[in-house]
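Across the two complexes that follow, chain A remains constant while its partner is chain B and subsequently chain C.
Up next, the complex of A and B:
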């Protein structure tokens, strides 16, 4: 190993270890708040940012945000440890670590922010960092497409959400969530309530991949497995759920809130669990069960009962623990065997004992067996669903279907690969994954078991404070217990297990059937491609319309806009126009003006280059004569000089240019009409200007100070070289730049000619 | 007198707009020269016209005796003429260079930056 490789190895080690340490420290720091928060304390800190707009760096730590912060930093540190082995050989490992760490910090900011605008900023930071993470494998077209899809869908939702936030802030008069949420009466009675709610839900539904925006989440599995286990189990997709939970005290209780969340949550949950069965890729199957979990959480947030909220808080934690664990397990399988196809894998139990244990513990929690935390979560879900006053059968039915299907998926993901006999040969012979990769899933799975055995600990430390954040008091929290007696939830649980077992037994048959049915139905993912294609066509059409690449179009549009703008300004601005007195016209002046007009007319109509040049000269001389007649000798001298140069230059150029064409195009009629319009308008404006009384104050100032202060008798010259000297300097610079550019252009011409 | 000049300016602007809308860039340049002149005249006439009294201070006096022509627009126009010339010279060379490279003076055929094939599906 040479020197360079060794330094690279060492720096990779530091890059890998540092985020593990930092996130562990964060986790421990947040853990230190648990006793205070459990007592019902809410910690808030604020730093000014843009006080005039009500935007501040304000953070709040209560039961809800602490639960999220612990999940984020805790799972984060395990995932960082895991990635050290999983991706250590990757060329862009340090880039990956930086993206992931940036993501974790934005996520923490999101769940801690108290200011709506601050929350939005962190929200978008998670969107951007997750875009980078999903697109980490940007060499593949699929990786790029998936990343862009996630960015577009969640970004569009976030924009709607920002509009909702601003409306909410303006309605209440504050952007601080802690102030807004106290005024639920004012929010719900304001006329903008429906609009605000729907705009914000657009953001949370896209972020949490609720139907009909669910399609991006399975595609996001293009990301490396540590990313999926972090972003798509406990963090990014839960951001939408977090926000809905955060807003719950202020927004819940209306029919709109109840039905939107219940219906979309239920549809997402059932649809996702059906789709999950269909997958043979273990990671995709897990992705769909994540969708199912998000749907269930949304469904519970629609309600207001203590059972529903306790179910929400418990299931939030249960799901994060087992889902992150299972994703990491699938990563281990993929890493060591080189495949994650459910049809190929089998018999891994002998080779990967520790992974098997972790998978079994997590899967049993997911399937809802006692004494795992998942069982308690499931019992609470049933209790919560049955407590839905209006439609208990519908909600409980949806939850039952989703849970039974989840039982089946747990079997597919965590039972078959380890215990079933292998049918096909694996790409690599299986062996246990390194300890850095095994420890993460193991810790998470063991935690799920431990909390199941000692539910009191979890209830007091996190669940009750979370419920308090949602409902205002700890009192409404329901008991987390393994044995609640023989009751309806228990019977439903038994039903779930039986249905789940039946489905598992028949799942390969079901999968085939489902594939046939789903192939007939329209796919949202394909719809997305059509949508993007249509968007591109519109952009193309629009570009072709306003940017046809023709100078004539651009100029015509410019002059027409000038004309229309000035006309409108005159019509609506009111202009004081008096028809001028034509009596004071001197013969001398009239003759000079006739010269100018004649020259311009000839330039326009002639088809001879020489005539045009001569006519241009006539106009120039005529203008110079106007300057002479009206007491501007210096200007006249300059004009004459410049006019001579213009004629010389044009003459030199014309010798090498072709003759002028005869214009017969019919569209010149429109050009002529526009020219007449603009010309008339200019005449009108100049007339209006000169019919106004004249204010000579500035001129008077120059006249009186010209000699006493600047010692010059020619006032024009004094203005140029003294009072407005900087202007004159600028003028010199312009001419110099023009000369240099012209020289450069001509030199290139000469060179290219030489080459030929 | 201002009124007549105002009409002449309008005529100048009209002819230059017509010339600048031409597909032939040489005519565009003619239009550019004319519109510069028109702009200068607008500034000049805006300061009002006075015959036979240039803005000069007689030897020994502290300020001009009686009413003289407005010095401020004259100074502005003087600057504008020179800058207008710079613009004209550059535009002329650019056109010349374009012609020697592309072999045409018609702007519709100058499609290097925005090629026609981009506009046909």
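Up next, the complex of A and C:
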């Protein structure tokens, strides 16, 4: 290993270890809040930002945000540790770490923000960072497509959501969530309630990949595995769920809320579980079960009962623990064997004992075996589903189907690769993954087991406070127990296991059948391609239409628009003008007018460019003389100098330009008509302006304060450099940028000419 | 263009125009003039020189790339505006210092406003020359 490589390794080590430490510290810091929050305390802090618009840096820590913050920072530290090994050899490792850390901070900001606009900003930050992460493998067309798809879908939803936020803020008169959510009566009785809700749900549904926006999430698996495990199981996709939970106290309780969330959640859950069975790629199978989990969480958020909320809070934690763990396990398998195809893998149990243990623990939690936390979560789900306000049988049926299918997927992902005999040979011989990669999934899986054995701890520390932030009091929290006696949920659980086993036994047959059916159905993913294609065609057509590249067209369109706009304004607003008293025009004035009119006339009729230019110069000098007549020397000097420079510029350009084309007589008629139209209109407007008495307030103000306050007698210059210095600065920036752009354009054409 | 008279004349005219442009710049606060007009006048001088002797010589005489002049001007203007922040005023508030003033005479005024105007001068001067040199060279 040469010197350079060694230093790179060392810097990669530092880059890799820093975020692990920082996120662990964050995790411990948040952990320190657990006792306070468990007592029902809500911590809030606020710094001003744009107070006039009601935007502030305000953060709130209650049960719900603490649960999310702990999941994000906790899983985050394990994922960072994992990536250190998984991606350490990657050329852009430090870039990856930076993206991922930026993502984690945005996500923490999102769940802690109390101000709607602040929340939106963090929301979009997660969109952008996840775009970078999904597109981390941007060398492949698939990676780019997936990243762009995720960005477009979630970004479009977020825009709708912003509109909903603004409407909500205006309706209530505050952008602080803590103030808004106290006024659920006012929200739900306002006329905009339905619109606000639908707009915000557009944002949460796209972010949380609810049907029919579900297609981007499986594609996002183009990201490196640690990203999938972090973003697409534990955090980002849960942002939508988080927001729905956050808004629950203010919005829940209406038919619209109940039915929208129930229907979309149930459809997503069942559809995703079916699609999950079809996958042979372990990562994709997990991705679809994530969709199922998101659907279930949404479904429960539609309700208001204590059971449903307890089920929501518990399943949220259960799912994050086992899903992150399983994703990381799949990453371990992929890393050491070189494949994650379920049909190829098998018999890994002997070679990867620790990974096997982690996978088994996580999968049993996922399948819902006692004594794992997943079992408690499942019991609560059934209890919650049976108590729903909408259609208990249907909802319980949907949950049952989803759970049974999830059982099957757990078998496919965590049982088959480790225990079943291998049929094909692997790309690399299997061995245990390094400790940095094994420890993460193991810790998460063990946590799932430990919480299953001691559910009280979890209930008191996180579940109850979360339910309290949703329903207002801890009282409604239902007990988390392994054994609640023989009741309907237990019977349903048994039914789940039996169905799941049957499905697992037949899953390869089912998969083949499903593939045949699905191949004939229209796919949202292909529909997306058609949509993008159509969008590009429209953009192409529109660009060709409004940017043909001919200066003549641009000018014509600009002036025609000006003319039409002004005419409309005058037609609606009316115009009040007086013809000036011609007798009052002085001799100087008449001479200048003649000069300007004559110059303009010659410009229009001549066929020689030189003549046209000179005539136009005469017009310019005439205008400068008007300024002199009205004693505005600064403006006159500037006008004269600019005229001079324009003559030089045009003279230089003239050498290249062809002769004026006199053949285009038909287009010249239109030009003339437009010119006369605009000229007449502007003349009328000027007459109308000068008919009004001159308002001297501004002039008087500057005349009085110019010397005492700005020590200058030339008002024009004092305004330019002192009173309105910021505007002047903006103008000189424009001047400089324009010159640089023109320079760049000319250079490029000069170079391409040289090459030819 | 190949005219000896023009070449010889342009040399002096360019110098005169440059001096005049600085005069316009400095007197701008009380009399007609200022950074914009000064910058345009100065650029006219150099363009005259460029027409007479070619842009190659004009660039040599300028010593610095015109686009750098524009950028430096932009920086000076911005700095002049930022000075106000040190004194706790709003951005671009003029700061004044009167050298050697007494009860009767105000003294020699030195201000960030003048510095700002110098920035404007340089931006206009540099931008116009950037554009015109590039045009002449490309064609």
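Going forward, the second predicted complex is superposed on the first by the 567 of 756 C-alpha atoms of A that agree within 3 Å, B and C clash if a C-alpha of one lies under 4 Å from a C-alpha of the other, contacts with A are read in each partner's own complex, and residues count from 1 in each chain.
Heads up, the rule we're going with is that a contact is a pair of C-beta atoms (placed from the backbone, for glycine too) under 8 Å apart; a residue touches a chain by one contact, two chains touch by 3 or more.
Remember, predicted model here, so these are calculated numbers, not experimental data.
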{"item": "Which of chain B and chain C A:726 touches, first, second, both or neither", "value": "second"}
{"item": "First (chain B), second (chain C), both or neither touched by A:738", "value": "both"}
{"item": "Which superposed partner A:669 touches (first chain B, second chain C, both, neither)", "value": "neither"}
{"item": "First (chain B), second (chain C), both or neither touched by A:747", "value": "second"}
{"item": "Touched partner set for A:612, first chain B, second chain C, both or neither", "value": "first"}
{"item": "Chain B versus chain C as contact partner of A:521, first or second or both or neither", "value": "neither"}
{"item": "Touching partner for A:708 - first (chain B), second (chain C), both, neither", "value": "first"}
{"item": "Which of chain B and chain C A:649 touches, first, second, both or neither", "value": "both"}
{"item": "Contact residues common to both interfaces of chain A (with chain B and with chain C)", "value": "633-634, 638, 642, 645, 649, 653, 656, 713-714, 716, 720, 728, 735, 738-739, 742, 746, 749"}
{"item": "Parts of chain A lying in touch with chain B, wherever the complex brings them together", "value": "540, 544, 547-552, 555-556, 559, 580-582, 584-586, 589-590, 593, 596-597, 600-601, 603-604, 609, 612, 616, 619-620, 623, 626-627, 629-635, 638-639, 642, 645-646, 649-650, 653-654, 656-658, 660-661, 663, 665, 668, 671-672, 674-676, 678-684, 686-687, 689-690, 694, 696, 698-699, 702-704, 706-708, 713-716, 719-720, 724, 727-728, 731, 734-735, 737-739, 741-742, 745-746, 748-749, 752-753"}
{"item": "Complex interface listing, chain C residues touching chain A", "value": "28-37, 40-41, 43-44, 47, 51, 67, 70-71, 73-74, 77-78, 81, 91-92, 94, 96, 109, 111, 113, 116-117, 119-120, 123-124, 126-128, 130-132, 134-139"}
{"item": "Residue ranges of chain B in contact with chain A within the complex", "value": "1-30, 33-34, 37-38, 40-42, 44-59, 61-64, 68-72, 74-75, 77-79, 81-90, 92-97, 99-101, 105, 107-108, 110-111, 113-116, 118-119, 121"}
{"item": "Complex interface listing, chain A residues touching chain C", "value": "633-634, 637-638, 641-642, 644-645, 648-649, 652-653, 655-656, 710-714, 716-718, 720-722, 725-726, 728-729, 732-733, 735-736, 738-740, 742-743, 746-747, 749-750"}
